[in-house]
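Once you scroll down, you'll see the structures, which are given as structure tokens.
Each of the next two complexes has chain A plus one more chain, namely chain B in the first and chain C in the second.
Take a look at the complex of A and B:
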């Protein structure tokens, strides 16, 4: 069977997957729940954190790499942010950039290992994933960092949550849009600028497409990798902050296995793990697809076990669909 | 023993086209048992296409192949191998991390228990027997070591041993000595001699005269996809062979020379340049080469494969380690540490291997063209897309890149158009010195001539060009001077007046150019 012409456009294929999921939602709408804006608002709120991670993942995947450390960096940054703002009393204006810098430094470590020391991306980021998780637990002292502060005598004292928690977890526009959704869209916008407007964005594609040819053309491939992994780390920090404000605490276990969701989002949208091609728009579509899928399964009260199995099947189906049409 | 007078393998009227380009025209060829039949010809003559047909890689050809008198058509490499046709390609195909014994039997492992369990002892025994048969001096301990630990020469012999497991009647060797030492070549020749006595027919592809005349029983020459001649070694002296290979008309090719280049300023000086081999036990790749290139001049680097020309160009482009000697650009000292630095100093290098070091296949034609000149199109790190697009369009038009849209993927273009797009990439950087490594490899005749035209245009206002090529006609058509390299050393230098393909070829093969050639 020859596919129709419009399916040869990658964008159309990414849209098709989303439309199929939406159609499923329109059929199994759980007594009209799927047609209420609140459902969509909540989906957009829930998909924000993995979506932000997927933005960074997309940049790294385009260079032909992979970043397994984003979930752990999210946890580390959530703990650090909670600690700095709740316990140390840092003002948000200082704590926010500090935590983002911490994440960027983590990513830059992967970037240096991969770009300069030629460690395979899978190994380098796997090592950082384990290290950052350990560091998060070390900083948190095995506790969740929340408004309940453990006193030396063993009792808890409750301190007020700083206002940044309310501001970032707010619902805006008459309660119709979550603030973290806007943060996610901001990250999509930053990635779009990097990939399509900056010279370095072009270097990411060239590095992933053919590193040798890029080097012969004077492309600074080491720096391009450093930028991709550094930005991925910074996005993971932003996701960590969003996670902390939503949970109102810094949990050292936050973000476990989120890197896999981020990869799934990037790939389901149509980015190729082989590197050298891709777009942030694919990732946005992938985030919506995964987000709606989760939401539809949850409003229909599908058991967690079936949900996981279904998600696995759908990821494979979506990726096979993409490839079938490419030939 | 098969009847030696009847051919083992007979090809009649073989023709092959790629798209609209016909690369083989009605080629006849035959191979007798126990003979070495050399297939010679310039690059692009159609040798590799013919081999790929015999190896089962191309199977949509015209004409007929007969093996032992019955017609065959190999639809896959496996089919060719089943029929007893073994091919040793230039690139070796050993799994470097596996032991030699395992490599020798890859896909034919000795097994027991319904084929599920490996039988290591039988396997080692077979490997030992295979090596002994070919006279290879490898102990059992050696056979258990990974293939990657051995020098190229040994790997080559293992590759042959692997190809010869089973009942092999025809062995194809594609330029087997290009990566070998002198002593290693001797061993290979002994091995071939041993195969001849076993009645194996050997098709041997080579550029090197001395080799051809040592090993050949018969010689067939291809040029432009046609069989030009075939003869016994004794009835076909080197002079005839050279004439067949290059064609008479090329010796007086019309050239358009740049005028007054002798008074033009020097663009590039190279003094006593040495490039070591990555393996310090091997001889240097470039050994003490000195020359200059003037602005507006096209200087050719001629030589056989492995003569060091590519390595010389890479060293000039900052892509070689441990380089000694001095280089200068327009009078200033020059010692690049990376291609990035070389580009910033006004150099450009069109590499020989388009796929490995040229194309970025995942991005568009436009973005491939502008890749090396991106700093020109960005302000504060932001790309100025309209300026970029305009430049790409201008370069594509100037080079005559034919494509439906500049937004299409570069991998969808033909070889000639890909090469033009890569030339456009380097032209866009505005180089003072353009280095070209096999600028028309895998490019059809039409695109070739367009590329020559552009190069002539560019040198007129003062660009200097240094071009490595193994194609005589190309060197003769373009160059003001030709430097000939032999085993990394400068063997001869010719001005455009009076140089002929014969003279270049003789110098490239390591004969003294001033002495009379033995076959003149």
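Take a look at the complex of A and C:
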């Protein structure tokens, strides 16, 4: 079967998947809850953290790789951010860049393993995923880092949360947009600039498309990889900060399995896991699709078992829609 | 072999020194971290006890292997908080049959091949929470007008027995009472999930009176969702577990109306261990009492539940 002409535009196909999910919401609207802006505002808040991870994932996927470490780096950075700001009293202006640098360093480690030492991306980032989770638990001492500080005698002292937690978890524009949603859009914008405006963006596509050809035509493949994984780590750190401010604590278990959501978001939007092809706009559409799907199931109080099955079915349906040929 | 000889040497060196092996199923949960901390603190005041911890990281087979390691190293007493009953019954029974006293903490094993089971009753705690909630909501305007108060239930992982029991006990208590569950969702014990589900509940229902969450992080996540929407003042939040740095802290900060303790049994386990090691007999079952913490009684260390 040959698809109609308008379906041959990748953007239209990605959009179709989102429309499909929105149509489901319009039918099962939970007593009109789906038609209220608050529902959409909350969805945009919820999707911010996995969406930010998906931005980094997109950059890595375009180079033909995969980054399984993002969920663990999120946890590590959430713990570190909470520790630095709540327990050590670092001002936010210092703690924020320090934590982003930590994430970038984690990502750059993956990038070095993949780019320079030729370890397969799956293996390299799997190793980092395990390591970073262990480091997060080590730093946190197995406990959540919150406003309750353990004293040597085993009792707890309660300290005030630094204002950065309020500011980043706030709602802006008359309570209509969550701050973390804007952070997500900022990450999308940064990814867009990298992919479309910088020469290094073209290097990412060239590396993922045909590495040999890219190498022969003078593309710095190793550096391109370092950039992609490094940015992915930095985005994971930003996501970790967003997670910590929303939970008001640094949980060493935060972000477990989030890498899978990030991959799902990137792929459902139409980015190719084979590499060399993709756009950050696809990721944005994918984030909205996954976000709305979860929100619609949630406002209708669908049981967990049905939720998981429906999510699986809809992911497959959406990915089939992405196919160039519907044969 | 090597470990066994080391252990026996330590025993002769220090006269009355006993080694207790503690097999913890998963130190990824704050409540279990607290259990180990309670054990450690209780044991620290008894210089004749040496406590060795192993963490199975939520892996049944790893826990089985760790129990076998303890048996081979010649410990004097085994404390085990098993991940699952059936697959961990044989190694626990094996230890018991070799003459090692076994204290089973929190989750059960099958059969009777252990010295003592120490645990709290989730169903009873759920029921106590339900009864407390019914009393607390008696003054609610909707109830006063002859209607029903609106409650959201944020459930723990419903494939786990604690989640099932905390729900079942709660529902027993509110049966026939002017309390209606208007929204329920599985938040899988996770705070971010609870926040999401509470936002959905608020999107669908404008007039929620109380949130009953199966753990304190869940209640806290619900509170954060309500606060973001400006509803936190109109809604009561109730949680379970009452860890000092979680539930009790939230009650103290005025975020939760109440939290119900799910005791770890760490202190009781060390007390029982000492009695067993001194040759005393202990009852086969030790059911732990729970406490409720509210703003009013927090200073006094909570209030015992019946």
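Keep this in mind: the second predicted complex is superposed on the first by the 322 of 327 C-alpha atoms of A that agree within 3 Å, B and C clash if a C-alpha of one lies under 4 Å from a C-alpha of the other, contacts with A are read in each partner's own complex, and residues count from 1 in each chain.
Here is the rule we use: a contact is a pair of C-beta atoms (placed from the backbone, for glycine too) under 8 Å apart; a residue touches a chain by one contact, two chains touch by 3 or more.
As the structure is a prediction and not an experimental result, all values here were calculated from the model.
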Exercise for review: Based on the superposed arrangement around chain A, label chain B with chain C as either clash or fit.
Suggested key: fit
Practice item. Could you tell me if A:208 is touching chain B, chain C, both of them or neither one (first, second, both, neither)? Key: first
**Study point:** Which of chain B and chain C A:198 touches, first, second, both or neither
**Key:** first
Review point. Which of the two partners, first being chain B and second being chain C, lies in contact with A:31: first, second, both, or neither?
Key: second
**Study point:** First, second, both or neither for A:216, with chain B first and chain C second
**Key:** first
Review point. Angle at chain A between chain B and chain C: what is it in degrees to the nearest 10, using CA centres?
Key: 130
Review point. Is A:253 contacted by the first partner chain B, the second partner chain C, both or neither?
Key: second
Review point. More residues of chain A in touch with chain C or with chain B?
Key: C
Review point. Touching A:156 in the superposition: chain B (first), chain C (second), both, neither?
Key: second
Exercise for review: Please provide the least distance in Å between a C-alpha atom of chain B and a C-alpha atom of chain C in the combined superposition.
Suggested key: 31
Study note, to complete from the structure: Dual-contact residues of chain A (chain B, chain C) none
Point to revise | chain C to chain A touching residues, read off their complex | key: 27-28, 30, 33, 37, 41, 158, 183-186, 188, 191-192, 195-197, 199-200, 202-204, 220-221, 224, 228-230, 244-246, 249, 252-253
Study note, to complete from the structure: Listed in rising order, chain A residues that touch chain C in their complex are 30-31, 33, 36, 38-39, 42, 45-46, 137, 142-144, 146-148, 150, 154-156, 158, 169, 171, 175, 178, 243, 246-248, 251, 253-254, 294-295, 298-299, 301, 303-304
Check your understanding: What residues on chain B touch chain A, complex-wise?
Key -> 317, 319, 338-340, 342-344, 349, 351, 356-363, 367, 371-372, 374-375, 377-378, 381-383, 425
Study note, to complete from the structure: In the complex, the residues of chain A that touch chain B are 197-203, 205-206, 208-210, 212-220, 275-277
